[in-house]
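Next, two complexes with chain A in common: one pairs it with chain B, the other with chain C.
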Partner chain A sequence: MKRKSLAILLSVVMVVAGCLAGCGSSGNETAPAQTEEESKPADSDGGTESEAEAPAESTGGSNLEESLALFDEAVASVMTTDGHPMLAPGVTFEVPAAEGTAEELEALDDSESAKWHYYEHLDWDESQDAQFPASPADGSKGKHVIMIVHGAHAWTTCFSEAFEQACEAVGMTCDIYDPNWDQSTQDGYIDQAINEQPDAIGVIPVSADHAAQQFKKITDAGIPAFCVNTTVNAEAMNYVMAFTGPNDWYQMRTLADSLGEAMNGEGGVAYITHNVGGSPYYARCYGPLTELAEKYPNIKTLDIQSPGFEAAAVKQVVADWITKFGDDLNAIVLADDSDQAIGTVEAIKAAGRDDILVVAAGISKQGAELVESGDLYMMSYQSCQGDAGLAVRTMAEYFNGVDISRVSYIGTDVISKDNVADFTPCQW
Partner chain B sequence: MSEQINNNPNPAKVDSRKTEINRGIILFNKLGIWVIVVALVILGVIIAMANGSSFFGASNVQSILEAVALQGMVCSGLIYVVYAGNMNDMSIPLTMAMAGMMTVQSINLGFPIALAIGVLSGVCIGLINGFMIGKLKANPIIWTWGFNLLLSGIIRVVWGGKQLYADSVAADTEYAQNAANSFYAISRTYIGGVISLMAIVMLVMFVISWFIHSKTSFGQKLKLVGTSYEAARFSGINCTRVVTMSYVLCSTAAAVGGIFYAALRKTASYENGTGYDFACLTCVLLGGTLLGGGQGSVVGTLGGVLAYGILNNILSWVGLGTYTKYAVQGVVFLAIVWINTYSERKLGKG
Partner chain C sequence: MERKNLKFNGSFLNNNRAYLFLIIVLFAGIFRNNFFTAFNINSVTGNGSLVMWLGLGFTICLIAGHMDLTVQYVSTLAALMCLGLHSRQGLPWLVCILIATCMGVLVGLINGFLVTKLKIHSFIATLGMQFVLRGVMYMYSPEEQSIGRDYSANEALNGSLIPGLPFSLYFLITTLVIVIVMVFMRNTRTGRNIYMVGGNLETAWLAGVKSNQVTTIAFVLSSASCALGGALNGIYSGAANISMGEKGIAPLMIALTATIIGGTDIAGGHGSVLNTYISLVAVAFLRALFKKTEMQVLVIAIILIACICYETIAQYRKSKVLGTRPNLHLEYLKEIGRG
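And now, the complex of A and B:
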């Protein structure tokens, strides 16, 4: 009897799965990356573009020549969904000197930029760097890389697809491992990747605290380790061949400048943060907070809350702020332009307030729509596909024997109602 | 008068233990979570006054109701599973996600049909859960947890780990685009410009849930099944059917919540509903329902949901940081559950 029941159940599950598979047509799919003809002008930013230098010597013969040709073609032709070059060169920034030891800085007030020096800048002691494997300088074509992401998310899906596309364009193959936000699973994947002996390993660390151990393992195994997207601490950087990703602090500072200007340097600001403790938490909260405190001392911080990424929870926090602070609440800074932005905008609309300026870290489809409708005043541009593209570009340059920058950031921009069309359709 | 002589070698000992029951305990046992709700409201009024505002202001009441609307919808169904003695439905998150995905995916068929398909997906999930747990006696926690994983895998494989946007899925026709807009509107509609449709749906679901629980033969059978499964079985009650029905009601409520959730965030995704399994269980337990089943009420569950929302509201007013908020919430919830258990024990019900 039980066997019969189990058989019935399995049949039901299979039928349901089959029906679902039938439903899953391509209506939702992200638009494919554009061709060169459809591309739009590249974004502007405040950093310095790190131009690739020609390989020192062509030891790889024809493979290197073919790789260089492929690379040039890929840089020129592979575009993101929103029409920007996917393999655009990275941007570098000057790292200012720290105004004290880490302990001394920790004692400073939260509103002082200097306190966050080691959070904001990848500032490490290069004399402690590990012995990195030398570039084979024989071309990216035919190289195999393993990319270990942090976890399943729509952003990660977009990143992974772009990474595969960019790898293919420069003649590389790749495997992508997804530990689903689990630290021990990611550690296991690091070991597995090392055993497979790929030509390079890229990692988006689940936790910055754990990253030093992970990158040390990879580098000790003689495999070049690339840190992608998420910044790590100084100790980990000693084992990282190169970091590529967004400069969250710079993006949010730029956004804060625009906000402060729009507020005429006066008023009250409240902050909804990213998940507490991660690098986006500090960058997207204390980046704008310190920027406003420095440049617009008459702008007050009213509150900082971390309700997560559920629109309903954010809505309640913002509705409570509106009731509590009344007219003193003039602006809200968000760490996310999708759920947090939706919850915030809905609360503001429900309260009948149209004078509160909302800015957010972007860019998602929901966020772009809110900017278009004027509900979101501004947001930062952070390209998911560009993030993947820069990682692949840096790896390819390494294989091609080009000198690579240890730290390079993807380009950014401030998106407003006036220029939002230049950044759509959104990537995820 | 001669003196009485007690020749009994084992005189009966007088039970000197306290038999009086504290009135507060009796009151709490009768009114349950509503005592806490009233206390929180009084506290809220005081704190709001101290901040120069009104706790009963339309915007504040609206904020509280909206914040708990989605949880409330799910709780109105989850109580059946807990009441039946099956502790929790761990597949709630992916039931919500699946309902959102199915609704958005079928948006081209028109808004009412898409809505029906979304709800139907919840019914199907409830039937599978009910069959496995009611009929095949699978462990309710292990099965629903495993089924949650299976659903997660199915959604990720079928839709490639992507988010679904109703306006993108909708064909470029007026009919389909209107359907997408109607879908987005359900979480943004205010009746009379004051009370949100989500809050009204939640309250209606609680009324229906209360009716089913209190006024139908299914509700009566559920009480017996939750109190003593074996006694119910020997009484001739079809326990399998009752348990299956409890899961169907739970998953249907979760599906409705999932549809509103997807409409609110304008995106259907496998992440929708994350954390709702335990958040909703917390509300149900706060409402006085016992994990072991057989005790609790729909009205109490509504009280649990409101207590959750009002406490969050008050903590925002006070201006506590996120970590401190978590700590205070934890202490308050533990205290409520302890008072619940204590009063039940004192009255010999626990």
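And now, the complex of A and C:
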């Protein structure tokens, strides 16, 4: 009897789980359907066009007008937590001509910026571009998008919340999938997202190398694919409707300019990098390194180390540098303004070397506090919420029939003690 | 000829819980838009195929009374090797798959040697092998996190063998191999010996079964199938990286869960690769039902706990009955039609 009861209990658990699954997932599916329903009354409201074309045309017209109004209002009113417009327009950069093939450039010295051309610029062959779906030009209002992020992190939480906020502001609905840094899970989510048939799919690729296949799948399914935050290779760009995100190289070069000026064009610099192999590794190390080498030839590179993101490990590396290089060490460039900065500042304080200038890629709460206290000389401004806002802005512009740039970057700034108040409270 | 009475009771439900699980998940899918589309079925079964190979390997070893914790790492290394040999050495795909599978056979032989000859507990032996395999992977792919970006055979495995059939070739190969292994386990002497060794080692020895040899075969079958599945998965997805499955929901955990839901006895000697396969198909569809990873984890965990609780209580009751009146349990089984 007990055995039977247990089996029934097991079945009940499974049934409840199954029903939960069905109910839990059915709610979001209504979004595209609602869009159609919402647009139907607009058909009757519009209507000066010929009868054959009237439904689509008038729907688009009415919805488009409302969408454009919503868009303008969102751009003007939605702000990041540090008080900057979240849906600010993107910045575009001209891509200089490469000074050789990828193989030829690879042979150049690390300090020559030409070597990093294909790392720095999204330079792809446009003649190989896939056939992208044309803009419906009927407005962003009522559109449903799916955003597939890379994984759980404080930054991702901030990004996701901002993305939802920005979508709501322009009249779109969204679902955000989090594969928790797993490549195969992200692949599964790509398939799942295609199956949902949303109006657009945004992806922050877990692996830039594998992104081409992911974006190809989406584009082949006739859904516009947007690449967000992480740069991808030239092959993947052929399947990306638009890329939005930070220009890490430009940000770090700008920071290096300010550092070079502060050093009066002389001295020694050491670098602590991001995780080896990722795009921030190259941008945050070789961006400032090549910039200083070109503009300030008297500034020498002393060392490059990759101790990771633990404050204790970074502190040890910096302490070793201070012992080894002595007064020749004048500045340190960090890929991270939180744990790396904390470890560096601790080592400098322990050695009593207040003269060493520390700059970092930012901006986190710890980084802002260190800039305020003067321990961190300067850092770059990379807005997480602005990143989400620019992605939503680009998608909305696409739905509104506005020409969008294939590559647009979020704005940047250099944060110092003088202007840090303009960038607080920090976003994450 | 005596007909077996089919009774729809608790025992029946328990014995067929993998099928019940699948039916419930598919039923829940009715409430979801676009669930039963050819694209969704194709992608869900295709993306879920890797864990089916892992589940196959894990189940064989568990039936033999051992745990094989290397299954996930064997498949990842096989994927890296397969794509690496093709892209770096330019070897044909079939040769790459063969070499990767041979690597699996080698790992299985080493696992078998450690367990049977050195008498190391399989949990410890295969845990150690996990780290060895990870070390090999880092040596094989020292700087690049990802190998691949060759999609020449990718379309073939993603495509369907028969037009209109909503299953990828990869999934069909997976299913075919599982059916072959199922037949092997049920209808061959070696297959039945694996059950016997897992069920009672002493009895197997008295029956003249070479338990060491059988255990090694189980490990070889497990690792070889995982390597073959991993190599095919590398081609199917077009890329492989060292950290595959280390984040998100670990494939090893899903394989273990499905093996238990499928009714394989943790103590060995009882189980079915077919039931594990059905459970894994159900898990694949279940994951597609839930959009959020945390919900997927939660639901799978609840089902696993329910199954383990049931198994534990049933085992306790069985022991209790056997302890007080040895023949009572046989009488009871006869009564419910399982005698």
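Following the convention adopted for this analysis, the second predicted complex is superposed on the first by the 369 of 428 C-alpha atoms of A that agree within 3 Å, B and C clash if a C-alpha of one lies under 4 Å from a C-alpha of the other, contacts with A are read in each partner's own complex, and residues count from 1 in each chain.
By our rule, contacts are C-beta pairs under 8 Å (C-beta built on N, C-alpha and C of every residue); 3 or more make two chains touch, one makes a residue touch a chain.
Keep in mind it's a predicted model, so treat the numbers as computed, not measured.
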Contact-wise, after the overlay, does A:Asp209 reach chain B, chain C, both or neither (first, second, both, neither)? second
I'd like to know which partner A:Asp303 touches here: chain B for first, chain C for second, both or neither. first
Looking at A:Met172, would you say it contacts chain B, chain C, both, or neither? Reply first, second, both or neither. neither
Going by the contact rule set out at the top, does A:Ala242 touch chain B (first), chain C (second), both, or neither? neither
Is A:Val359 touching anything from chain B or chain C once the two structures are fitted on A? First, second, both or neither. neither
I'd like to know which partner A:Gln183 touches here: chain B for first, chain C for second, both or neither. second
Counting only touches as set out at the top, which of chain B and chain C does A:Val276 meet: first, second, both, neither? both
In the superposed arrangement, which partner chain does A:Thr157 touch: chain B (first), chain C (second), both, or neither? first
On chain A, what residues does chain B touch that chain C touches as well? 2, 5-6, 9, 13, 17, 20-21, 23-25, 28-29, 276
In their shared complex, at which residues does chain C touch chain A? 9-11, 13-14, 17, 20-21, 24-25, 27-34, 37, 39-40, 43-44, 47, 50, 143-146, 148-149, 151, 154, 237-239, 241, 243-249, 286-293, 295, 299, 302-303, 306-307, 309-310, 313-314, 317
Please name which positions on chain B make contact with chain A in the complex. 48, 51, 53, 57, 59-60, 62-64, 66-67, 69-70, 102, 104-106, 108, 124, 128, 131-132, 135-136, 150, 154-165, 168-171, 188, 190, 196, 261, 264-267, 269-271, 275, 309, 312-313, 316-317, 319, 321-323
Interface residues, chain A side, partner chain B - complex: 2, 5-6, 9, 12-13, 16-17, 20-21, 23-25, 27-30, 152-154, 156-157, 273, 276, 303-307, 310-313, 315-317, 319-324, 326, 338-339, 342, 346-347, 350-351, 365-366, 369, 428
Per the touch rule above, chain A residues touching chain C in the complex are 2-11, 13-15, 17-26, 28-29, 151, 175, 177-185, 187-188, 191-192, 194-197, 207, 209-210, 212-213, 235, 276-277
